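In the two assemblies presented below, chain A is common to both, partnered first by chain B and then by chain C.
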Partner chain A sequence: MKILKMAKENLDFFVSVLPAFGEVYAPLERGKGYVFERPSKWSDVRLKYTRTLLPPKKLMLPPRETTFVFDPDKGYQDRLEEASKPMVLFGVHSYDIFGLNILDRVFAQSKYTDPYYIARRKNTAVVGIDFEPDDKHLASSLNTDFVDSGFDLFLSDIGDHYLVLVGTSRGDDMVVMSNCLMTRPTGADFEEYKRRSMQRRASYKAHLVMEDLPEILEMEYHSKVWDEMGERCLSCGSCSMVCPTCYCFDINDEVQLGSRKGERIRSWDSCLLKTHALVAGGENFRGARSSRVKFRYYHKQRGFVAEYGRPSCVGCGRCVEACPVQINIITVIESIRGEHHGIASSARASS
Partner chain B sequence: MELQAVHARPPEDNPYLPHMARIVRIHRMVPDNYLFQLRFADDAMVQKWEHRPGQFVELSVIGTGEAPISISSSPTRKGILELCIRRAGRVTSALYRLPTNSMVGIRGPYGNGFPVEDMAGNDLLIIAGGLGMAPLRSLLWYALDHREKFGTVTLMYGAKSPADMLFREELLSLAEVEDFNCLLTVDRDPTGTWKQNVGLLPSLFQKMTFDPSRTYAAVVGPPIVYKFVLAELLKLNFRKDRILMSLERRMKCGVGKCGHCSVGYKYTCIHGPVFTYWDAINLPEIV
Partner chain C sequence: MVKEMTEPKTVLMIDDDVDFVRAVRALLESAGFKVRAAGNGRDGLQLAKTLEPDLILLDVIMSERTEGFFVLQEMRRVPALANKPVIMLSSIYNDVPAFRVDPEAGWLPANLFLAKPVDPKRLLAEVTRLTTTAAAEGRQQ
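Right, the complex of A and B next:
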């Protein structure tokens, strides 16, 4: 991989070339948190942030999008054109890039591929940036604290400079367009990168042991932990909305009043919501709340491993932050492992 | 440098795109269960269309939405797609209001279908309960049209009453066909004119003998049918991976994305809807 470095003072000039590659989205402060949004001026962008409220998923799979317009005379016409608008996603953390790579597996690399997702992903440049973990980041446990693909450029802080990984030819175009602001790194720069990287890995406060989790889940399918969780969970679906890899969606047709013309809308859905497994005729295969909470864990930590070789969890910590009743993946998994008694008993989540 | 958007693919490659098809005929088989015969408006689509017994399509009624429907016609009978559709939800209710010659949208086929390549060379036992005949009719006609590929072919079909039996006249006429065991039964016969068996579906097992070492059983029906029929098959020493069943879930996208049809770790739409009994007992949410 091509590796360069860029003086931090040159960042302002570098970002000025980004609009040539599409509409720029970057982390901005919003209330007590951060969001990926279009900055009105660059000084609003936060290079050091914990995590955004919603992951970059929101730009690849919008919360609501029109997939087709329909008309009784013409049938169904796709709206792919709108999905092909170029974007630049600046300042994405490694676990979120990993989240996009996981979505790629489902939407772009499986038997049936999703043209809306692919159009957005292909037309979006991703510039990654490193981060300091807080007490909710689990990226080191999920092996998402480093990514080697899925981005165009990746910036890592090495003091006065950023070390810049060039991941794609489009990334290289960005380098060229910024008038070769970037220079070759020295051995000392690599040493500094490695030193910081090891220090960062050691600074993680939250940890999960993932290796044997699929087997343990297989054995603990009837554990009362799931019933306890069902008692607590409000079925609000927040954890899946903020999850970088939760991709369930619903499809609904919306008709213009007084005609049969309209739009086919795809919108985010969640397996936590009561109607998720409801079929015509009224049978609900997951009517009990505990069965829905359990399903989400089994899908992400067990089923996804069987299908794709790794859990569909990137350790971003968003579900922990979003849950209104403090259900915490760390305590849930520790309870399942038998290291905790009662998921409510742990204060680790909120401390 | 000029910026150019990368376009994914031509629009017809969009797996979500419904292709328009005309309702050629509607057969009112039983109340709230009609057979719709469809033909794609585009002749190229008619030629291109291929499916396997046991697969399903997503049916769109313009202005209402989409619903997953299993295919009742055999891939050996090209040109017309037959869907046996129960009036159950919003989309199917809207479909029932459409007159002949209306256009609907079809995309698919989806799902794995029955493993007909593996089943070839073996005896075939098709067991249908109630509406389970809808997907199994595709397999039945496939087997009858490829009669040379199979050993003995047997259908056991049970319905509540003669009036509830799907494809009743067709099946009664097939009962005359040589080299095919067509066993039909009804739980009760209020008309008094039913000349076939009266009794519950499992009672048909007494009428036949099977060689489980060379037989595939395909079972589709309501939960009660699975309960009793599976018990009979296991008693006869059928191998668990030679008992095939078809699951019904809310297959919304059909292509393994939307998540609604998940059962345990699997998506019914891509890993199923046909599962072996062995697969099924290993899916945590099935029981």
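Right, the complex of A and C next:
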């Protein structure tokens, strides 16, 4: 892996060159939060941000998209060309890159691959950037505070400069195109990088013990904690909508009135929503809220470990931030482990 | 927007240097061009959308030192402006030594980059060439 450095003051120039690789999306401030959007000027870009409201998932797997249109005269027409439009995601945190790597496993490396996801991911350059954890980040517990793949370039703050990790040949092309902005790092730069890395890891305020969690979940399948969660959860689905790795979707055919033309729409779904497990005939396999909220935890923290070797949670803290009733993954897991007594009381204590 | 063949070509200048705008305006108007101007990227983009000029002269360093680059990207996303000839005029390569990225390297979606100070004859020749080429391409479509 090639490592270079770039003066912070030249980052605006570097970003000016990036459109050669696709439409640039970067973290911008919107209201009280941040979003990945197209900047109309450099000063819109926020390099120090906590987390975006929605993860980069929104660009790889849009909340609503037409996968193809159908017409009896013309047949099926896919939208792959549209999905192949090059993009550059600038300023992505390590846990969100991990999130994309997890989506890759599901959509690009599994038995049934998704051409739309693959087209977007393949044509999207990712430039990562490091971050200072807040009280909701759990990245160090989930081992997502550092990432070594899934990005083209990764920028790490070392004072006046960024250390630039080159992850792919496309990242190398970016370096070549903006070569004058990059220089060789020194031993002192590496020392500073290591010092800051250790300092950052030590600065995490939120922690979660992940070891043996799948086994604990197996043992606690009938725990009354899930009933308490069911009482508290509103089934709004916010946690899964903002999650970088929740990927459930629904498919609907929308046919034009009075014609046989139409389009197939894919839109985000959530296992928290009551209709998620509703099938023809009115049977709902997860009619109770407690069963839905339990399912989400089991899928992310246990099912995914069995299938892919790690939980699909990346510790971004978005679910904690988005939950309208302050359900917090830390207190849920601690309650399941018996370290807390009651979700409601612990949630109240943390709010 | 369809224009009569005899109608003077419109050039939009987006530049915060009032003196430079005045000088270029005089040069282009004397050659029969109609010139409109905006002093910053946001106003320039808005004017470009409504005016749909025949050519745009775009500065880089305005209220921000990369403002012109971002404005150009925005323009290329507007269908009516996606193929408009754009000449970037800037002193960035002289003023900011750190930035030595060759505009010919293919990253800049402008038709031409001219470093300030600009040779008036060269500028007039390029504006004439690009507006004529664009008009000819428009007629062929």
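Going forward, the second predicted complex is superposed on the first by the 341 of 351 C-alpha atoms of A that agree within 3 Å, B and C clash if a C-alpha of one lies under 4 Å from a C-alpha of the other, contacts with A are read in each partner's own complex, and residues count from 1 in each chain.
Just so we're on the same page, a residue touches a chain if its C-beta (ideal position, glycine included) is under 8 Å from a C-beta of that chain, and two chains touch if they have at least 3 such contacts.
These numbers come from a predicted model, not from an experiment.
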Fit or clash between chain C and chain B when superposed on chain A: fit
Using C-alpha centres in the superposed arrangement, which angle lies between chain B and chain C as seen from chain A, in steps of 10 degrees? 120
Going by the touch definition up top, name the partner, chain B or chain C, that contacts more of chain A. B
In the overlay, answer first, second, both or neither for which of chain B and chain C A:Ala20 touches. both
For A:Pro72, select first, second, both or neither according to whether it touches chain B, chain C, the two together, or no partner. first
Between chain B (first) and chain C (second), which, if any, makes contact with A:Met177: first, second, both or neither? both
After superposition on the shared chain, which partner residues are touched by A:Asp135: those of chain B (first), chain C (second), both, or neither? neither
For A:Arg302, decide between first (touching chain B), second (touching chain C), both and neither. first
Given the touch rule stated above, what does A:Pro39 touch, chain B (first), chain C (second), both, or neither? second
For A:Asp227, using the defined touch cut-off, is the partner it touches chain B, chain C, both, or neither? Pick first, second, both or neither. neither
Minimum C-alpha separation between chain B and chain C after superposing on chain A, in Å: 5
Which residues would you name on chain A as touching chain B in one complex and chain C in the other? 20, 177
In the complex, go through chain C and note every residue touching chain A. 41-42, 64-67, 69-70, 73-74, 77, 96, 98-101, 105-109
Hey, which residues of chain A end up touching chain C in the complex? 7, 9-10, 12-13, 15-17, 19-20, 23-24, 39-43, 177-181
Chain B - residues contacting chain A, complex: 1, 3, 5-9, 11, 13-20, 60, 62-67, 86, 88-92, 103, 105, 248-250, 252-253, 255-260, 262-266, 270, 284-285
In the complex formed with chain B, which residues of chain A make contact? 20-22, 67-68, 70-72, 75-76, 78, 80, 83-86, 106-107, 110-115, 118-119, 122-123, 173, 177, 221, 247-253, 255, 259-262, 269, 271, 276-281, 285-286, 291, 295, 298-299, 302-303, 306-307
